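What follows is a structure written as structure tokens; I'll ask about it next.
Think of it as A, B, C, D and E in the order they're written, each chain with its own count starting at 1.
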Amino acid sequence: MLADLLSIEKVTVAFGGIVALKDVHLSVRDGKTTAILGPNGAGKTTLFNVIAGAVSPTSGTVVFQGEDVTAQSPSKRCHFGIARTFQITQPFGGLTVLENVMVALTAKATPMKQARAEAASYVDFVGLSAKADDPARVLSTGQRKRLELARALATKPRLLLLDEVTGGVDRPSIPEILNLIRRMREERGITIVVVEHNMEVLFGLADDAIFLNRGEVVVTGTMAAVAEHDSVRRIYLGDGDA
Amino acid sequence: MLEVFGKRPFLLLLFYAALLVAVPFLPLNDYVLHILTLFLIFAVFATGWNLTLGILGLKTLGHHAFFAMGAYVSALVAFYGGVSPWITIWIGALAAALSGILIGLPILRIRSMPHVAIVTLAFAEIVRLVFSNLKEITRGELGFWGIPPFDPIQLGDVTLRFGIGNAIGSYALAAAFFLAVHLALLIFMTSRPGLTFLAIKDSETAAESLGIHLVTWKLLAFAVSAAVVGLSGAIYAHYVLILTPTSVAGPEMLITLLAMIIVGGVGRFFGPIYGALLLTVMSEALREVGDYRMLLYGALIVVFVFIAPQGIAGLAWRRRRSRKVAATDPAT
Amino acid sequence: MSTANFLELLINGLITGSIYALVGSGIALVYGTTRVLNFAHGELLMLAGYLILLFAVTLGWPLLVASVITLAIIVVLGAGIQRLTIAPLLRRNDWAFQVVAATIGLSIFLQSGAQLIWGEQFQAVPYFFPGIVVIGDLRMPWQRIAICLIAVAVMAACAIVLYRTKLGRIIRATAQDAEAALAVGIPAGLVHTAVFSISAALAGVAAILLSPLISVNPWMGTSYLLKGFAVVILGGLGSFGGAVAAGFLLGLIESFSVAFAPSEWRDVIAFTFLIAVIWVRPNGLFSGREA
Amino acid sequence: LAQEVTIGAIGPLTGPAANTGKAHKEALELAVKEWNEGKGDYVSKNPPKIKLVMEDSNSKPEVGISAAQRLITRDQVKMIVGDTLHSHVTLALMEMAPQYNIPILSAEPVASAIADKVMSDPDKFKLFWKGGYNSDGYGIAVHDFYAWAFANGTLVPGDKKIAFVVEDTDYGIANAKKIGELFEKDGWTVVATETVPTVTTDFYPQLSKVRDADPDVLVSVFTVVNSGVAFVRQLQEQALETSHLAIYYPTKPEFMAQAADIAEGMYWAALQYAPELDPEQKAFSDRIEAEYGTPANYSHAHAFCTMEIALRAIDTAGTEPEALAKEIGATDYDCLLGRIQFGEDHAIKAGADFVPVPVAQIQEGKNQLIWPENVASAKPK
Amino acid sequence: MAMLELENIDVHYGATQVLWGVSISVGAGEMVAVMGPNGSGKSTILKAAMGLKKASAGRVMLDGEDLRGKSATVRPQRRMSIVLERRRLFPRMSVRENIMLGAYTRTGAEARRSFDWVLDILPEIKGHLNATAGKLSGGQQQMVAIARGLMADPRILLMDEPFLGLSPAMVKNVYAIMQMINARGVAILFNEQNAKMSFAMSHRGYLLEGGRVALSGSGEQMLEHPEVKRVYLGLREEAS
């Protein structure tokens, strides 16, 4: 059996009275793409925050590459190889698009010159070359999403967390972005965890899936199996007689 | 980063270096050199402060405390310890950096502009009061005098003397420090640290997710900024040779420097230099109407915030930029 | 320390504290609702001081009339200042610091303006409430006691408006996303101005209460401003109730610090306390309701 | 006629002490004007014409230094009168004397530190003279006054406890220190020394503390009149049972205007300028009033005297720095405030035979000189 | 006469022009979709219509009245409301307060009636009424934003990417709501990336490119247009 790149054990997150995650277990197979499905407010973003270190769990552990990283800061985890995008985008508004990506590279001690060249290729990848020298604050919703992706990729992660990365991206561009992600996965062996409401995108990307509802894991399995699961169809996709 | 540094920052600095070297060859009297010396010292101060205020985006309002720290520590060590100012200024800068870290630690964890502004302001008030209350050592508001000037240096058959009254030597020294500090900072800021500071300024969450350790970097910025300001304070001390807590750490120092940075351009690398030049020269020119000086500073800050929030440096930049945009835009 | 002495310190602390609370809550109100850190707040206090001096002393009007007119003018003045110097900035991207800078500039401008107009002398205002309360060893002029009582009443009234009325809800909504408020039809700009006026009125009340004690002068706002800021931070940024509580606390700390240490260390102790609190409780001592 | 000589002056024309600075300016100008109009107190037959340029020190040493450089390099002044008010500015300015080889004469500053600095290197500061007496002057006067009052039974020493509430300036602190030392020599204890910022007007915390310490003598020192008025009022409210002596602030006419009723019985030092008691000072006050519309105060008188010293020295010795400075030091001149002579330490001498430091008491809303006895206008009550 | 009409508007951000002579109209009771690539100016159109962004040329008409120079607040008074992009809730107020503020221009009784109705059609919100809006999940915030937009009892509703961040089931729900209120006569102008869905539900549609209207027509016409078909509807084949 392939070793798990990431495993989350018994993670519970409570915000005051609200329990956003309850006893969540999750294993992410190395090199595979795992989708996290769930209705709004199920705890998907919170799970990402726990993995990336932005939220510390009330209880439970996060193990990455066999190491317990629960107590590590987000920046430390990035150095371990965990990268993420934000559902509600967070560009560096005052830096240009290119420099936004350079930050990700220099944070890992890439020399400036090299970082500039490399960043340009990522910007190109996500289709923002025309805006490369514009400050990121002027980007539209979809453009911001693309920038998020470029930046996360530039950290050269082992594990990439994509929170609704195609939400707001115009349809004609989605295939390119999917191709890009797939290529990254194949060429660099990146493991991906993705939150996405666009089922078409998911089918093109995910191997495994888990289904969260009200902070609890309801179903785990292969993408196809989970998508066909009864409760998923009912609660998440709203199929059937609802 | 283009917005911060402009197109060719090193070339620009070289140009300023040439100007500074040319000055002593002009027929200027001591008084003018004295004003220029003050300008150079305050320009270093303003640039140092701009590092946190403009570039890291931490709205600190207490950097005059670091100025006072550098000035007093260097002066006290030189006076009581009999150590040469050539050495004590570094001790002063170090003391400022350490106090920067001390006050930086509690506020850096808080991502809130008012906290930073108010806590640093309160810190400056503490520093002022402590220097003023430790009368046995500093003589309080009576002023700490007897500060030794920099030891003279022999250049061939000319002896360069320093301290107030030795205009040429003092000017040369201030200019040398001005150029050295700006060059060092420019090298520092146009590479990784600069990029990182600017990223932190815009989104701490995102910066952190990309592997930037916030506290380390912010403390670094704070320490560097405090050290630069402290150094300028130390040079100031060994130039004017008397310090009072109110004049180095009082509110007028805050206002004056803030005005310099805002008029010059917050967050622009070269901005504070222009601001320092304009305001130092102006405040001397306005001696006649002394009563209106503070009135004018206040008005100047307001006016610049309104019509040119990016300051003098930003005005020049915007003009160039809008020409460029106008030329390329219809194509998009 | 005798009981009378202790009580005296306590009362002195509460009196100083009530002014800090009044000034601090005004700053907190504006910050809490509009995220504007108003460095010119002290100058509103100073201007109100000169107004009450003009009406109550120079013109000799009855206190109540003079106070009402002073407050009316300061409210209008506050609105004017907000409209002219702050409102235009709020539309910008990086307005937070620009407003700080602009209000600092404004503060210096008003201060030196006042000095040019009225000179640098301190102008005395006679006590409004004559007489001294004597209880055993304790002697307290009515003027001081009135400060405390009136300040508390005024702050209570403000709190009611803020948390119990529709106006309060509108104010708080505007605080959080002015564009969104506009989108639902709230005239956000007017709300901002109104809040600023209320805060100016609080400063005005403080000035009226204080002027007999500290004499009217161009710098009278400055020291209270810094204390007001400290109070705002201690109380939890933008929390009206927190600022009020922290104001009293700071007053007490200062009063007792003088009893145990030389006076010149009073402000050092007060500000060190602020920084110490930030170390252990960054969000303030009283995690009050956020406006 | 001799050629015109330019004299520079430096004082606080702006900032919180601007009122006093302006008074200095008026008096300096009047002295020069009268001199040039032929009404001066000349030494020679052919007095030089004088031009005065006054610059602002903004109460700050470094601004004062800038001003001095400007006067020296731009206006080519032959000597500087300054700082007219502040000791700390003077301490910075006096460094300019050896550096630019120019005589400097300060006016009101009293800090003993200035004299100490001169004494630490007399040769370096040979061009500098201090036109005010040392702050010790007050200390000695206050001490001697109380010794006299205890001796003749006007006051009783009680438990021999003394307390101070003073402003946070060299002036306040040096006075408290000197008086404290002198009283301690007589077996007294200093039970409290409270230092408050210069513009404080709320003294309740300090008064609580002082009351707890229960002193027999309380000395307050403020230069800001309103601090003094507030202090006196709050002292009355708190009904402290102690003998109170005030230093400096009652010299200001505004003090009597605001506090005459609540200050009844208070002692104060030093009543050096009292036009209502001294005809010469009255005449001077009238001249100032005729010229500027307001009567003169102590600062006018002091600045006027200082300028007289300077003018007479130039008249005698010309503008060669060393000679001029020497001549200043040799002054022996009866001015408005007393007989002016410089001591070893380059400061003018205080005392009954020189510039007297008399103690007054407020009696029935009026100032009365009560000590030393030879100048007293009334008996203490 | 159209209810809302944008006539030839230009919009600039600073020196950068992003809309070039755009004309869009929404008739009473009409459902109108705006489509276009990222950055083509869809959000800007909605903001300009709502008066949150000033047009530098051209005019915006509501019920035949020129709204140039009028404050943004006149629109809610005329029962026009907007669901903003990136949600724009009042983040530190409760969900209940957020929703109630949507009825700012209306009387208390009306507002309460609408409030009950909104909770009926968006029941997911019920459990979070006292939560702080800024702490809700992305999708929950979107629902609150929609609820707030409905509270004005609008005659015309502008929606910027209403489905963004919603789960498929919720998308269906919101879709149904839009159709329902539209059936009651509320005009809707919205923008959404899913071309098939948006044109299918709309009476008319616009296709934007680079800040200019590239194409417009009825919903069916848009769906049938070869350009739209080729670029916007071809996802499934490529993605799978």
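Basically, a residue touches a chain if its C-beta (ideal position, glycine included) is under 8 Å from a C-beta of that chain, and two chains touch if they have at least 3 such contacts.
The structure displayed is predicted, hence computed values, not measured ones.
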Q. Farthest chain from subunit C, comparing Cα centres?
A. A
Q: Could you tell me which pair, B-D or A-E, is linked by more C-beta pairs in contact?
A: A-E
(Q) Quick check for the class: compute each chain's Cα centroid; which one is farthest from the centroid of subunit B? (A) E
Q.
Can you work out the whole-Å distance between the CA centroids of subunit C and subunit D?
A. 38
(Q) Averaging over Cα atoms per chain, report the distance between subunit D and subunit E in Å. (A) 77
**Q.** Between subunit C and subunit E, centroid-to-centroid distance (C-alpha), Å
**A.** 43
Q. Could you say which residues in subunit C touch two or more other chains, in rising order?
A. 115, 264, 267
Q. Out of subunit B, which residues touch more than one other chain, so two or more?
A. 132, 291, 293, 332
Q: Two or more other chains in contact with one residue: find those residues in subunit D.
A: 18, 168
**Q.** In the complex, subunit C residues that touch subunit B
**A.** 31, 37, 85, 88-89, 92, 94, 96-98, 100-102, 104-113, 115-116, 222, 226, 229-230, 232-233, 237, 264-265, 267-268, 271-272, 274-275, 278-279, 282
Q: Could you please specify the touching residues of subunit D with respect to subunit B in the complex?
A: 13-14, 18, 55-56, 58, 60-63, 65-67, 69-70, 72-74, 87-89, 91-92, 95-96, 99-100, 111, 113, 117, 168-170, 173
(Q) Quick check: in the complex, which residue numbers of subunit E touch subunit A? (A) 13, 16, 36-39, 43, 85-87, 124, 128, 131, 135-140, 142-143, 161, 164-173, 193-195, 231-233, 235-236, 238-240
Q) Mind pulling up the subunit B residues that touch subunit A in the complex? A) 1-3, 190-192, 195-196, 198-199, 201-203, 205-214, 332
Q) In their complex, what parts of subunit B are in touch with subunit D? A) 29-31, 34-35, 38, 132, 135, 139-143, 145-146, 164-165, 240-244, 246-247, 284, 287, 290-291, 293
